[in-house]
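Okay, so subunit A shows up in both of these, paired with subunit B first and subunit C after.
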Partner chain A sequence: MIKKKILIVEDVINEQILYKEELEKEGFEVSCVSNGIEAIEFVEKNLCDLVILDLHMPKMDGIETLGKLLTKKRNLPIVIYTAYPQYREQFLTWAADAYLIKNSDIDLLKNKVKDILSEK
Partner chain B sequence: MVKTIEEKCRLLNYQLYLLHTISKTIKETFNENRILNVILTGLTANGAIGLSRAAVFYYDRDKNIIYGRKGIGPFDNEEAYKIWSELSKKNISLEEYLSYNLEKELATQKFPQTIRKIVINLDELNEENYFKRVIKEKQIFHMYMDNKQASIYLPKEIETIFIPSEIVLLPLYSSKDIIGIIMADNAFHFHPIDESTLLLISLISIQTGIALENANNYNIVQKQLEELKELHSAMESMQEELVKKEKLSTIGKMASYFIHEIKNPLATAGGFVKRILESNDISSIHRDADIVLKEIKKLEQILNKFSNFTLLTPMKIEKISLLDIVKEILDTFELELSKKYIDVQIDIQQNISLKAEKVQLYEILFNLISNAIENMERGTIKISAEVENSLLKISVEDTGKGIPKENIPYVIEPFFSTKNEGLGLGLFIVSNLVESYGGKLEIESVEKKGTKVKIYFPIIN
Partner chain C sequence: MNLKDITIFILAGGKGERLYPLTRDRTKPAVPFGGIYRIIDFPLSNAINSGLRKIYIFTQYKSLSLHRHIREGWNIFSRELGEFIDFVPAQQRIGDEWYQGTADTVFQNINILELEKPKLILILSGDQVYKMDYMRMINEHLKKKADMTLATFEVPLNEAHRFGVLSVDKDNRIIEFKEKPNNPFPSPENPEVALISMGIYIFNLDVLIKKIIEDAKKSESSHDFGKDIIPSMVGKDNIYAFRFIDENKKNTKYWRDIGTIDSYWEANMDLVNVDPLLNLYDRDWPIRTFQEQYPPAKTVFSTGDRKASVTDTMLSSGCIVSGSKVIHSVLSSNVRVHSYAEVIDSILFENVNIGRHCKIKRTIIDKNVDIPPHTEIGYNLEDARKRFHVSENGIVVIPKNYKW
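So, the complex of A and B:
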């Protein structure tokens, strides 16, 4: 079986490590980038089945990145994973497949990712 | 005959001295009450002009009335004898006499008290009445009057104080118009009022008018000054109010950032702890625990920063010397500066000060100086201040590694940091604080050359 490919867009290294290793345990192939610009570059050059997107990042914030990613790949599933609940109200974030608030229980993220990918 | 001329000369000389002393005294004061005291005392002083009684009336043009303001002198023979015999015992000089505080005596004597109660309606007077004529013809009138004449030519309100004698009525002028009447008589002692005395009185009345006008102008200016002062303090408190409001909105903004930024390390630490609980591999447990520790340290840092962040403390704005606070901050970096061979140049004048909360100003300058030090190894930090377009410009310039061009727009964003340590909050806090004072922050930087951070404060006062 071909492993599904996940891109993590997150500027904090420790968070990258945590999500990457946890998702790898679930049998995904995981790559990490630290900002929106790198994320767009990545999806242009690589195959990718799902993006996990932080909102507060330097250089290009998550919302702008979300828009640009979807312009490039209209059907790319995106999970917003952020500490900030207030952007849920912003319609630009509605284009994402899920909006999750960061939590010490990684299972919530894992389950959401599995759900989305199994539907596809 | 020779003796008479000599006496006349002496008298004239004395009168000149008198005029000089009185005008000098009233020019030195802007107090209306004091001016009137000097004039009336001068007119009635024994051995000066020697009139028996004198009073000042003011003219109210709008209401067309004349009202008594102040009078000096005895009411009847008995009081006259008492006052004059007491005065002759004292043997005081004219200057002393003029500076004598009369208020207590005036409050108990009948003549001054009666004068104060007099209100004359000019509309009710006939055309021959001297009070009306002084106002209308602006002339001096001098005449002897008995009771019968007084009943015709003087207002009835004067009757109670009238004693058959020589009476002088003079107009009191300001530069624009007539403002009142001086009335004097020679009751009780009946020393004749001669030509030279009349001339002297008229000169004094001119001086009085000018002095009263000056006093009035002075009072107006004083009042306007008071109003300006009130306006100024109202503006100051309004400005403080604005700063406070700005501060509250900054608190809201900052709190939101802080609260949610705590969530990040918290979630990460929690995630790793969960892994530790599930793992059997000692080396990965070790690594994960290390990450948890780092995240907890980050949490601590955020919380420390937040509780140190003085936006939450009560507002206490004070005048702070810029040079003093800069020196205070540099003292805390002394060791680091010498370790890194950094030279500090200060170009701030001692008299430059600004109104701010000290802890906040400290936070601002501390962040700028600490950034400069962190970004360099050997070199110079230049701290200067100058006034530019009514703004106080403070700049901190280093010769450090500078900021890459593409990063410059992001350096004031929260949690932007190129350092491994640190939260990336320094410049964010600085720019928010500076903005809360209505100021702004500018950054110029060239990679490998250095960075110059300029902050502008509006000058209060």
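So, the complex of A and C:
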């Protein structure tokens, strides 16, 4: 079976490594980039089935990235994964398939990703 | 509902290609109409006559002329009191493209909705001529507790295929909607007419956001209210039709989506009738505009074959008709018609100069054109077609700044 491809957009390297390992255990192929500019470059050049998107990042933040990703790959599933619940008030975040708050329980993220990819 | 909870979005981003060459240098809402107006004066006047004063105008093509007109003519709002007209040119805030459709225009400016958080958004098109009290529609929307209400107008069944056509139940709930259908469905009350969408929508904020985001995520969508958003809401959301109530005080309801040179010419010619369909004289529903200050219109020479004669004509300020004949025409400000010339069934824009002995018939002359003496236009259409745009019905159009 072809592995589903996930892109993690996250500026904290330790978090990148953690999510990558956890998602690889679930059988996904995982790539990581550190900000929005790299994320857009990545999806333009590579196949990608789902993006996990942090909001606070240097160079280009998550919300701007979300808008740009959306207009480039309109039906690409996006999961916002952030420590900040208050950005839900920014209407563009409603375009994400899920808005998850970071905590120690990474199963939440894994299950959401599996749910979304099994629906597609 | 507090009026301040209602924000108006006027969509003025269309190219208006079918009105070429009047839209060669300006976006369609900025096309002059009725001597002194621009088309956008109608929705703007309707807005202020309805008591609504929070207005965003979205532009992208050739918007300079429109910007100027609004800045010079509509600088009447007080931001201190929460009133404004703000221009929003295409900014590539979200994507790297220009606006793909009307819904994309709203999506790309979603930040304005975040900022304003209005309860209701009234979406209008900047290129229609009509008189409407939007509050009547808003009250109906609130009474029905609708998610979205759309204004509808009745047209003969055989003309309906050019529009978005809807079908409603006895409560005016929309049960079917098709954009430009081959076989339009008739109105429930009268089989000879169809109910069409006027492109005027009221949305509750959360509904609008959800719908435009849902649509933005569809790659097959054209991101248009009429083609995509409204059809996607039928049968799912609480959506109603509002039967257009005309403030024009005439027997026939008036609404024109001036799409072509011929319909443009006809709508202007209507104004010079004894009893025009469009009533510009009603002080209860005034249409305001910007006009440069000129002296009053004047006619000179009163005897012999050099006698000035102006009949069935709208003559704007600054015009001088000198020893010539003007019949059944609309003249914008500062037009000169020199001796022995004849102008019939024509529309002359600002600063047009008609030389001596010219004969002009069924012609639209755009701004700043100087017609040399003894020129004939509109009499030999074959000849005219070689140099100018000539409409299906034979109206000649001389573009802006044309040099002889």
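Details
As a working rule, the second predicted complex is superposed on the first by the 120 of 120 C-alpha atoms of A that agree within 3 Å, B and C clash if a C-alpha of one lies under 4 Å from a C-alpha of the other, contacts with A are read in each partner's own complex, and residues count from 1 in each chain.
Please note the rule applied: contacts are C-beta pairs under 8 Å (C-beta built on N, C-alpha and C of every residue); 3 or more make two chains touch, one makes a residue touch a chain.
Worth saying up front: this structure is predicted, and the values here are computed from it rather than measured.
The superposition on subunit A brings subunit B alongside subunit C with room for both. Contacts of A:Phe91 after superposition on the shared chain: subunit C is touched, whereas subunit B is not. Residue contacts after overlaying the shared chain place A:Thr71 against subunit C, while subunit B stays out of touching range.
Put simply, more of the residues of subunit A are touched by B, taking subunit B and subunit C as the two choices.
Contacts of A:Gly27 after superposition on the shared chain: neither subunit B nor subunit C is touched. Per the superposed model, the minimal spacing between any CA atom of subunit B and any CA atom of subunit C is 19 Å. By the touch rule above, subunit A contacts subunit B in their complex via residues 12, 14-15, 17-18, 21-22, 56, 58-59, 83-84, 86, 101-106. If you check the complex, the residues on subunit A that touch subunit C are 67-68, 70-75, 89-92, 94-95. If you check the complex, the residues on subunit C that touch subunit A are 93-97, 110-111, 113-114, 209-210, 213, 216-219, 221.
Contact residues of subunit B toward subunit A in the complex are 256, 260-261, 263-264, 266-275, 291, 294-295, 406, 410, 413, 415-416.
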